[in-house]
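Note that the chains are named A, B and C in the order they appear, and that numbering of residues resets to 1 at the start of each chain.
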Amino acid sequence: MLHELFTPSLQHGLDLAGIFVFAISGALLAVRKNFDVFGMAVLAEITALGGGLIRDLIIGAVPPAAFTDLGYFSMPLAATALVFFLHPQVERIQGAVNVFDAAGLGLFCVTGTTKAYEYGLGLTASVVLGLVTAAGGGVLRDVLANEAPSLLRWDRDLYAVPAIVGATMVALFIHFDVLGALTGTLAVLTAFVLRLLAMRFHWRAPRAWNRRSASTEEE
Amino acid sequence: MLHELFTPSLQHGLDLAGIFVFAISGALLAVRKNFDVFGMAVLAEITALGGGLIRDLIIGAVPPAAFTDLGYFSMPLAATALVFFLHPQVERIQGAVNVFDAAGLGLFCVTGTTKAYEYGLGLTASVVLGLVTAAGGGVLRDVLANEAPSLLRWDRDLYAVPAIVGATMVALFIHFDVLGALTGTLAVLTAFVLRLLAMRFHWRAPRAWNRRSASTEEE
Amino acid sequence: MLHELFTPSLQHGLDLAGIFVFAISGALLAVRKNFDVFGMAVLAEITALGGGLIRDLIIGAVPPAAFTDLGYFSMPLAATALVFFLHPQVERIQGAVNVFDAAGLGLFCVTGTTKAYEYGLGLTASVVLGLVTAAGGGVLRDVLANEAPSLLRWDRDLYAVPAIVGATMVALFIHFDVLGALTGTLAVLTAFVLRLLAMRFHWRAPRAWNRRSASTEEE
């Protein structure tokens, strides 16, 4: 099956790891918002599984993978338990969490794109769904936490661009019929490294020109 | 059919009653947020039908029941009319409204779980969808009203737990092949009573340990 | 096919125009919220395509049209580019944008209703989905921008009512078997003109009676 670029067990292990780190970011935001342990679990589940869930609803893959694989469902609960008991320690290794989150971003933009393509969508739509898979959970997380989505804000380091680049690479590999474990890994790594660089050098996307007046805008 | 635990007409009557009281809570929040009568109707519809709608999209039951049963659609409009004309009186009986809301919670966690199981989902996923059915509408209500979902906040009495308990009882009954009108009613009543107790004694779920410092947290 | 009331190419051209103006409103809100260019594109896409996307998920038309027609996907990007480079000029013609938005509202409430009916939904449900098609994108836009949905607020000119009227006209035309290019156009124009009048004369819907006390409310 195409969207299992790697061996099934490796793919599954990577998926679980990506879900776990995404869930950590959801649970951490829940703590910051003063939610209780159930709020933490809900936010962890939705952050980790929400992007894939939206993708699956759109491509008609029901019931979505999030509801058929008990492992997918369990990882966010494990992440919730970890943050519940060790919140200050997890906050302290926020830098490491961000690195893992970048890895999850890279992984999910690639697997999301391939899965959408397998379900018969066009290459452009598959790229969009790769982005949705990688970034949709974080948007749902922020909406539920009643915050403007981090993905949309100009004062955040680039998040969408690495995912778009990774997903576009997959689409090109599919187009040229060279998608496989090696090229798939290359796309994952490219998105991963781009996101790391964006965090390291605070790369940001521009805002609209001349937002207030022509003279005072130089971002 | 399994998810009609009771006779069809009793089941339908209970569904309509549950929808009505959920819709009341949506219309009341709309008044508090200063929405107009259409905002009230939209919030009433989404609060009452949103949880079942999400469940139906996830299990692939399209078009969702909310769009095929005119009664389901009409009850929130009736609730809107009631709140529109008699808002202060409805606010005054908020205690009674909360009791009915607890009954709706009990009912929907049970019917949601059974419907999901009928559509072929596993027991754990069915429990999750029971919770989604019972509490999802309230989350959508709060998101549309631009508030942090009541379900997630630590300063609210337990809401998810009674639904999870009721849904889990249903799953156990299914597992041991004893789900019927009697055991189904028992699950509904258990969730209902747990929610009443949670409101009466202000049971709350804990927040993460050591949120700020190790010394000042004793919740 | 029924929901192509007009010739396919005319229908498609109208759809694209409606999508474009809806996307403009999304991109403009993104600028006001200080989002970056990717946030603008996301908000433009969701404002323009979100209503139809929800409708398609509910009626089971997957993958939704938004993901199968590259033109639908491209228009919001064009709108984003326009607002990105010419934001002050677009703001200055906000009045014209609102007129086009009203035209989009009229168009989409009609096409949304007909498409839902084609997929086998009842007339009432089809009217609701016509409203969802026309107004759902704007609600998603406001939710993502972390604002109370404009659709629900009492201090906004009527938006839902023109769409409901247009959608209801379509349902009546279907019921009496007279829906065609002429009657379809009549419904579009009615909704369009009603919305223009609502903006011109600041028509608003009432809020609940006696919101605070019986004596101080006279809206």
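By our rule, a residue touches a chain if its C-beta (ideal position, glycine included) is under 8 Å from a C-beta of that chain, and two chains touch if they have at least 3 such contacts.
All of these numbers come straight from a predicted model, not from anything done at the bench.
S.K.: Using the contact definition from the top, classify how the chains connect: line, ring, star, complete or other.
M.R.: complete
S.K.: So if I superpose subunit B on subunit C by CA, what angle comes out, to the nearest 5°?
M.R.: Rotation angle, to the nearest 5: 120 degrees.
S.K.: Report, in whole Å, the distance between the mean C-alpha point of subunit A and the mean C-alpha point of subunit C.
M.R.: From the centre of subunit A to the centre of subunit C is 30 Å.
S.K.: So which stretches of subunit B touch two or more other chains?
M.R.: Residues 57, 143, 146 of subunit B each touch two or more of the other chains.
S.K.: Would you mind writing out the residues of subunit B in touch with subunit A in their complex?
M.R.: Per the stated touch rule, the residues are 57-60, 119-122, 124-125, 128-129, 139, 143, 146-149, 151-155, 160-161, 204-211, 214.
S.K.: Give every residue of subunit C touching subunit A within the complex, in rising order.
M.R.: Residues of subunit C touching subunit A: 30-31, 33-40, 42-43, 53, 57, 62-64, 67-68, 70, 73, 83-88, 143-146.
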